[in-house]
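As written, the chain order gives the labels A, B and C, with residue 1 at the start of each chain.
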Amino acid sequence: MTKTNSGRFFEDYSHGEVIHHAVPRTLSGGERAFYHALYPARHAMASSDEFAKSCGLGAAPLDDLIVFHTVFGKTVPDISLNAVANLGYAEGRFLHPVHPGDTLRARSQVIGLKQNSNGRTGVVWVRTTGTNQHGTEVLEYIRWVMVRKRDAGASAPREMLPDLQRALRPDQLRVPAGLDFTAYDFTQAGEPHRLRDYRIGEKIDHVDGVTVEDAEHMLATRLWQNTAKVHFDATNREDGKRLIYGGHVISMARSLSFNGLANAQLIAGINSGAHANPCFAGDTIRAWSEVLDAAETAAPGVGAIRLRLVACKDGADAFSLRDAEGRYAPGVLLDLDYWALMPV
Amino acid sequence: MTKTNSGRFFEDYSHGEVIHHAVPRTLSGGERAFYHALYPARHAMASSDEFAKSCGLGAAPLDDLIVFHTVFGKTVPDISLNAVANLGYAEGRFLHPVHPGDTLRARSQVIGLKQNSNGRTGVVWVRTTGTNQHGTEVLEYIRWVMVRKRDAGASAPREMLPDLQRALRPDQLRVPAGLDFTAYDFTQAGEPHRLRDYRIGEKIDHVDGVTVEDAEHMLATRLWQNTAKVHFDATNREDGKRLIYGGHVISMARSLSFNGLANAQLIAGINSGAHANPCFAGDTIRAWSEVLDAAETAAPGVGAIRLRLVACKDGADAFSLRDAEGRYAPGVLLDLDYWALMPV
Amino acid sequence: MTKTNSGRFFEDYSHGEVIHHAVPRTLSGGERAFYHALYPARHAMASSDEFAKSCGLGAAPLDDLIVFHTVFGKTVPDISLNAVANLGYAEGRFLHPVHPGDTLRARSQVIGLKQNSNGRTGVVWVRTTGTNQHGTEVLEYIRWVMVRKRDAGASAPREMLPDLQRALRPDQLRVPAGLDFTAYDFTQAGEPHRLRDYRIGEKIDHVDGVTVEDAEHMLATRLWQNTAKVHFDATNREDGKRLIYGGHVISMARSLSFNGLANAQLIAGINSGAHANPCFAGDTIRAWSEVLDAAETAAPGVGAIRLRLVACKDGADAFSLRDAEGRYAPGVLLDLDYWALMPV
């Protein structure tokens, strides 16, 4: 009996199946320190217990993307070990704050299957849910990947395509219990801009760039117990390069966006996301944002801002996204559409 | 009076002497986060408080090798600053779990001395013991190193060779108090294989490889307060390379072995260990294991598995260990013989 | 309205003005673990709760330079984003220990302004104060930087030069409440030398060298939420190099000084500091110290030692500092004059 995990192939998934992912994880201040060392993360809510308390929370939650990466990492051995491509995200919602001391686990339900016409691959849609030690759901998101078939001759499963929302409605966003921005300290947060200072269609160049190193993205990726070999093994690709985990680019871009969006404190929803081009060590990552929408929430002083966050690398102009044929420009790394909570 | 530590030379050790090593260290969730960032460590017991509780422990212990490296690091200024070679380990036993908040210190007793025939070096055997803030012993192991003499003309000490066990007997292993694998959750642990699923002589290729970077191994080595200059100073060797701390290879290999040995949760004993060849940045580390023995313990549901863990680098075939003359094959980095605790 | 911070220019500062810097920060054991991984830090007081308790403190404080870097990092967006040069430090005092769980914030008062004769830049002196969540001051220091003018034609402010002490008097140093070195454990601290074993004028070569990597200094600099682009963006300089944050060199040199100054446990004051030459990845940092002064304090068994700490890189001889014209020798990176607390 072989003991190692060779991952699932397309024909191993069945519609409606629930997969419980391995290795629960207790997070601590150590993961927070790492997040601040790996990314220029400065949002006050996740940086300071005092600031979080002044906004109605008991203590600073861990950065939302720590939660995302931790949950995502658990799914890799079951979902994307034999993935050819990570195709997209939808309907991501942050449901409950996570604090140091919490233990996260993850499960995924197969919600869509479609064999590709070549017969050798197929697309799998899963809805992944992260829960804490009390069974409270902290995160859910839909992700779809293209997965190889073990046997090209295997019969195709019945095609089931999920019905995905293009973007979450504001009323679908979950605001953390107690969150209150009426006494928000803009000086300590770092910028004076509140929701009403942003106009839909406004674009912001986040100015700074970070040149990334192999040691850094490997530390990051392992921290989330994501062990996909393409990120770690320089002998895996013919060019000797290690592909940087897409989540590393998401966190880098989100952190860079502090400069101009310092008050977009918490990520509430992920509407869609695409990793447009691969990123490698030596690339200098920059970011820009576009304001897509704005809304109120029921929480005092708390608004929601919908943003397109684009990460690009050397040679890409700020604000360029797609070419004339609608393809992503070569320097674009990430196109992420998300909702964040911000003082109104 | 010179203020800096030039380390001990062979003639500075005397049989039976006890050396108290400097700098006690309080460990926290920070060291755990680092361990997970530096290595693809995923064993559930050291990852999740909830999983550890379900196995009868109060909370997740720190990875056993955090304890080993922390204790080992303290010994470096007294034992191996002038070492020519780190020759071996024996009779290593993990005696008590270590948790965040615990403070470790270390002492070593000289248990063997043998001058080499060249008169310029000698071998020193020490039994090192790590204790926590309550004085409870958490780890002990024997290590022997070849050390330079300060003065080749100094007279040789009386030769004393310790009587070393080739391997610990299962009844010598210490199982943490309360450990109970009868309700073990194989799904959350990541693999279904229990002790009875492994056969003696079975070999497992752990599949994944990790290409190592200078920044990473220096972070790791400093984290254990091991400051041997050969790991940090690129001007120290003629080839400008920094030698990677052998413990970094041990942790990398042990973590890679999760894939196939996910249920070998806790290291209980180290029977022997050899650093067969040096490792440098740019090497891609892989690992394979061989099942050497299996035994029961008195704890409910807890068995012991004896494993040979071999780390190798680029160009070495899985399962190749020695050449026809009995020498380690060129790509072999580590040959470690240890006992781990696993559900029966 | 532009949303991003373009930093302050010389004409934006006014004498006496108080600037409250953004993003309070809660520190944890994670930051301590990082400090130990980034630097060969081994001073027992900041390493072990038990050691700190034996010296009259409730638990191990975070390394003093963690506090310095955290406070310093907050000032960067307001003080040095448009700085041409970081000119010096003076009158730095550590006022209260900082422990895991504490939240730091920072403010600066403008205490000096002087336009340069070229009309394009000016010098700004600020006194920066760090406070914890109780409003207790934990650190203060004066720093001066050369800042660009936005508009060379803007009129010069009234010149105000602060009156700086060349060095703090021993009676100005704040000894942490309760500190008592009468039961100090020299064995656990790592060296036998007490204050009376050092003579004024004594120089100590700290022996070890560390070759620095881009990944490491970026992790360090981000950890303190210092986001000055010159440290991160390889496209920012014509030579493609990333300038290493001066504080990284301070911490590396201070940590290397353990070897010879293991008992200089806590930094009490910073008299002056200059970053003599830039440091880049690949440089091997070494350090030497000169004993400048010694004094008693009112705390039992606690003395103060005044030290010059010099960091240098490859090619610089130990103990060489300035050339015949009084300029820093090319390999000198740092010249820091500070007071530390040591058993008498």
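In this text, a residue touches a chain if its C-beta (ideal position, glycine included) is under 8 Å from a C-beta of that chain, and two chains touch if they have at least 3 such contacts.
Note that this is a predicted model, so its numbers are computed, not measured.
Enquirer: Chain A and chain B share one sequence, so how far apart are they rotationally when you fit their Cα atoms? Give it in degrees, rounded to a multiple of 5.
Expert: 120
Enquirer: If more than half of the interface residue numbers appear on both sides, call it same; otherwise different. Which is it for chain B and chain C?
Expert: different
Enquirer: Taking each chain's centre as the mean of its CA atoms, how far is chain B from chain C in angstrom?
Expert: 36
Enquirer: Return the residues of chain B touching two or more other chains; collapse runs of consecutive numbers into ranges.
Expert: 28-31, 33-34, 100, 213-216
Enquirer: Tell me, which parts of chain A touch chain B in their complex?
Expert: Residues of chain A touching chain B: 1, 3-5, 20, 22-26, 28-31, 33-34, 77, 100-101, 103, 105, 133, 213-216, 218-220, 222-223, 225, 227, 229, 232-236, 242.
Enquirer: Which of the residues in chain C come into contact with chain B in the complex?
Expert: Going by the criterion above, the answer is residues 28-34, 36-42, 44, 47-51, 60, 100, 187-191, 193, 197-198, 202, 204-211, 213-216, 259-262, 282, 284, 314.
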